[in-house]
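Two complexes follow with subunit A in common, the first pairing it with subunit B and the second with subunit C.
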Partner chain A sequence: MLVLITYDVNTQDAAGRKRLRQVAKQCVNYGQRVQNSVFECIVDAAQCKIVQHELEAIINKEKDSLRFYYLGNNYHTKVEHIGVKTSYDAEGVLIV
Partner chain B sequence: MRHLLNTLFVLTEDSYLTLEGENVVVLCESEVRARFPLHTLQAILYFGYKGASPALMGACASRGVTLSFLTSFGKFLAQACGKMQGNVLLRKQQYRLSDSEHDSCQIARHFIIGKVYNCRWILERATRDHAMRVDVARLKKNSLQMAEILSQLAPCSDLDTLRGLEGKAANFYFDVFDELILQNKEHFYFQNRSRRPPRDNVNALLSFAYTLLANDCAAALESVGLDSYVGFLHRDRPGRASLTLDLMEEFRGVYADRFVISLINNREILPKQFEQKENGAVWLNDEGRKAVLSAWQARKKATITHPFLNEKLPWGLVPYVQALLLSRYLRGDLDAYPPFFWK
Partner chain C sequence: MLVLITYDVNTQDAAGRKRLRQVAKQCVNYGQRVQNSVFECIVDAAQCKIVQHELEAIINKEKDSLRFYYLGNNYHTKVEHIGVKTSYDAEGVLIV
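So, the complex of A and B:
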């Protein structure tokens, strides 16, 4: 299924900037970066729990937030992109 | 049931693959061309010459992603293998059976029955679907002869007779193969099978499809813990993945040949996507390879009902399921190896 992960990490202090880097690094392991703090991840239910757990351990719940949008298996009709930075279809044909 | 994951094809010749976190990164002149999370991939097929980093090979091996290296023409070079998968008892049983000619024949026979049955069905299907456009009488005649061979295969108990019967069936099949091609006849025709090198467009396509199929079959066998080099019908020869070739027999017709034919008949591949070399060899060019690979991926996702398991699954998992059934037979959980009968 497709899960959209977005985050807001407070970067006012050095610790915040460190958390931001860690969250981004963890997200990129699971999916593609479609915008600066927005990731599209193709994961199954178990993998989704793992990434949630990992991200929860990084953020500071007082200052930052995480959002998960579950778009299911038939997500193709639910996503529309306009403008620059086109993404790839993770379940389509991957030819580089 | 296992999930069918995606395959990454790297066709850019001067690209280099590296690992970054959990991602495979495609570098082109030290610039990131693309990155893909490893957990969404089942295999990486690399058609280049620069290679991949050892870290990536390790990561692929430990996560069960098959990383294969091929020349830019699609000839198989090598595969990165990690620790052996599966258990040693199964492999030892495989070696034991393979040493005995009698036991080998029991299994080999089923591969060939599957192959002849499936090829016969391809001919039968053509007479049914395109009765107006093919030479029905000729197809029916050859199909009948293949049916006869099928009945001789069942009691067959030595490998040489088996090979003889297989050759006969293959002759009947390839004799009318040209009939199945319905479009672009002046560019796509089939006289006989030529390989190393393929000498016409259809043979070039067949060879490429067989390479892709071999790659999928080898990966399937290795992932259930069998040794893809120790075969039953194909005897041991250094450097030859005999069991892969054995398993491929039943899929050649239904998987690869039908794939090639539908590519041509649906005009998904065009004469301009081929290149002729000075020595008469015919190869697919970049554009052609891309067309074939995208169609191959699409074919893998199409669902069918597996005749033995009676379960719906994508085509891409069929070699894996057959490998699994083979290992069940070797272990003694099944009385005979059930070949894949296509309808």
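So, the complex of A and C:
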């Protein structure tokens, strides 16, 4: 199934910037970065639970947030993209 | 239906920062900001087309991107949130 993961990490301090890098790095193991803080992951239910637990362990729940959107298996018609398609590397740095 | 709008706007110059504010301001007319660049909009098909055209007219397609995820009407079980719930104002500034 397609699981969309979006996150907001508070990067006001160095610890936050580290969390942001760790979240992005972990998401890369499961899916494709489609925007700066948006990943699309093709996972089964078990893998989904694992990535949730991993990300939950990284973030500071008082400062950061994660959202998971479950788009099922028939997701091809449920997604539309407009504009530039950018490639990102695993460290969260934009590759131009 | 629930339509999720996510966006990446290149804010390297003043024009980009203006586009970012405009995109956020437009999205606020249609939905709820749930993360910095993520809006959830409850719209019908006609409204969805309108917001798409409006946002498409704001962004620079060579620098920015929009993604639309169509989550249908039975979306309550398709969304999960972990961590802080933050309120944002219409100008894209984080309200702490």
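FYI, the second predicted complex is superposed on the first by the 85 of 96 C-alpha atoms of A that agree within 3 Å, B and C clash if a C-alpha of one lies under 4 Å from a C-alpha of the other, contacts with A are read in each partner's own complex, and residues count from 1 in each chain.
In this section, a residue touches a chain if its C-beta (ideal position, glycine included) is under 8 Å from a C-beta of that chain, and two chains touch if they have at least 3 such contacts.
What you see is a predicted model, and the numbers here were worked out from it, not measured in a lab.
S.K.: Does subunit A have more residues touched by subunit B or by subunit C?
M.R.: When the residues of subunit A touched by each partner are counted, C comes out ahead.
S.K.: First (subunit B), second (subunit C), both or neither: which does A:H81 touch?
M.R.: In the superposed model, A:H81 contacts subunit C only, not subunit B.
S.K.: Who does A:E54 touch here: subunit B (first), subunit C (second), both, or neither?
M.R.: Once the two structures are laid over each other on A, A:E54 reaches no partner at all.
S.K.: In the overlaid three-chain picture, which partner chain does A:D44 touch, first (subunit B) or second (subunit C), both, or neither?
M.R.: Touch partner of A:D44: subunit B, not subunit C.
S.K.: If we overlay the two complexes on their shared chain A, which of subunit B and subunit C does A:N36 touch? Say first, second, both or neither.
M.R.: second
S.K.: Touching residues of subunit C toward subunit A in the complex: what are they?
M.R.: Contacts found on subunit C: 4, 6-8, 34-38, 52, 55-56, 59-71, 77-86.
S.K.: Considering only the defined contacts, which subunit B positions touch subunit A in the complex?
M.R.: Result: residues 3, 6-12, 15, 21-23, 26, 33-37, 39-41, 290, 293-294, 297-298 of subunit B touch subunit A.
S.K.: Using the touch rule from the top, collect the residues of subunit A that touch subunit B in their complex.
M.R.: Going through subunit A, the ones touching subunit B are 25, 28-32, 41-44, 47, 88, 90-96.
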